[in-house]
Amino acid sequence: MSNPDFSMDIQISFGHCDPAGIVFYPNYFRWFDRCFHTYLLKTAGGHRRLCRTLDAKGIGLMDVRANFTSPAMDGDLMTLDMTIRDWGRKSLTLGYLGRIGDRAVVEGTEVRGMFVMRDGRLRAGEMAPLRALLDAGIPEEDPA
Amino acid sequence: MSNPDFSMDIQISFGHCDPAGIVFYPNYFRWFDRCFHTYLLKTAGGHRRLCRTLDAKGIGLMDVRANFTSPAMDGDLMTLDMTIRDWGRKSLTLGYLGRIGDRAVVEGTEVRGMFVMRDGRLRAGEMAPLRALLDAGIPEEDPA
Amino acid sequence: MSNPDFSMDIQISFGHCDPAGIVFYPNYFRWFDRCFHTYLLKTAGGHRRLCRTLDAKGIGLMDVRANFTSPAMDGDLMTLDMTIRDWGRKSLTLGYLGRIGDRAVVEGTEVRGMFVMRDGRLRAGEMAPLRALLDAGIPEEDPA
Amino acid sequence: MSNPDFSMDIQISFGHCDPAGIVFYPNYFRWFDRCFHTYLLKTAGGHRRLCRTLDAKGIGLMDVRANFTSPAMDGDLMTLDMTIRDWGRKSLTLGYLGRIGDRAVVEGTEVRGMFVMRDGRLRAGEMAPLRALLDAGIPEEDPA
């Protein structure tokens, strides 16, 4: 993951950790999700704007996995890298790597779809229009 | 709080606790909120149904406080009692008491308003219609 | 997953859901973890007692995955089934299935290890002693 | 709160918000707690180091309150200011103000104690030694 598409720092705090003194694992997924949404914000004005433009309900999860290679504790600063791994016709695969200095603590993958309402049901829509908006970036005239 | 309007049990789990081994305090507010919403569900079909009926955006927080009198840990079963303390014209005051057996662990108060959109802004609406729906309960013909 | 080793009900509440109105996905992992810890509590007196007996730091995650097949919303009651899939020498694989009535909403797998301190480092310990304690259940003389 | 003792920015994300599209209120308390712990980290090497030095179990909550003056949404950047309001003999009072630009969204107060084990029970200890360590800052020779 030598050239991530987006990175953010997570300052690990007391409240993220469990009685064993290490990060309670569901928090890693909150950070994966936050990393993706911050990427959307910085790249294309955010999830709400994209959904409005694309008439979508959300860009949500279909599948996720993570592997925990080393513990993280209160006071650690974790750098979380996100890489766009694959654009499928109806899915987007994202890779994540969290590390503290050189030490990897979590490695994971999210598969997301863009959910649209069709015939009264939520369905996975085509990803091409989302990809085009992310490639285009934030238009000058749109402040938010 | 001898006669609560609603009660629920919370089985305190490992992931609710922090490195000191006791409940991470923001969780108590998640449980206050869950208690209120479960009360709405059991009494009047839930928050979504009420908001649709009342043309409201939500029944949300204006003010909250809590006092932590004793720690709770993984494995404890907490009973959380909710009492309707006061109906104001534009607010509802709820009291909470969490206890493990006879031992009080948290005592708190939420002040909630019903937020409605007026002239393009969220405003606190009149509470009387909400109170009437809660008093009336779930109509027979509405299954959800 | 016709014969789960443990099951619990999760009343899905407003605060578990995101602006799309469906469960924010990291919550499913909080529920997987809570299900496992409640199983430990009911079967063998809980995580703290087991770790004390086994001189372990925790029974934590090595790997996890989940597949989201259908959305869940405020007001839904989800039944979460847990099945012990496999005891490895240094790992335990657990399967989860969450459903609302007959509709599956999440299917997942956790791989857990028992972490012990050896030579100043956390390492995955042998699982056989944990398995023996879970098979034995809570001894009569130990109230907690 | 013109001269806070500590400030941090919170990038509000999709997963912090509820079906009404605004921050789910318990998150504000997670941020209050994180702000205090980050202050401890930057000022005196962090909660774990302080507790070890002071033979304390934790610097935890006795009382908390908050007032929500305006909603915050996905994409908002909230600046959270923390001010040390009062050092009592056995308590510390902290004030918080969260704002988005010039607009206040939350104002709150935490009262914390330093919990020490005395005669087999958790009790509130004297705050003077904690205050002295915070005033002294991180010693040169201690890297963590």
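Chains: A, B, C and D, in written order; residue numbering restarts at 1 for each.
Following the convention adopted for this analysis, a residue touches a chain if its C-beta (ideal position, glycine included) is under 8 Å from a C-beta of that chain, and two chains touch if they have at least 3 such contacts.
The model shown is predicted, which means the values in this text are computed figures rather than measured ones.
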Check: Computing the C-alpha centre of each chain, which chain sits at the greatest distance from chain A?
Finding: B
Checklist line | More contacts between chains, A-C or C-D | finding: A-C
Next item on the list: Starting from the mean Cα coordinates of chain B and chain C, work out the distance between those two points in Å.
Entry: 27
Check: Using the average of all C-alpha atoms in each chain as its centre, how far is it in Å between chain C and chain D?
Finding: 31
Margin query: How many angstrom lie between the centres of chain A and chain C, each centre taken as the mean Cα position?
Written below: 24
Notebook entry, point to check: Residues of chain A that touch two or more other chains: which are they?
Noted result: 14-15, 18-20, 24, 26, 30, 33, 48, 74
Next item on the list: Write out the stretch or stretches of chain A touching chain B in their complex.
Entry: 14-15, 17-21, 24, 26, 74
Check: Which of the residues in chain D come into contact with chain B in the complex?
Finding: 18-20, 22, 24-27, 29-30, 33, 48, 57-58, 60-68, 71, 115, 122
Checklist line | chain C to chain B touching residues, read off their complex | finding: 11, 13-15, 30, 33-34, 37-38, 41, 46-48, 73-75, 144
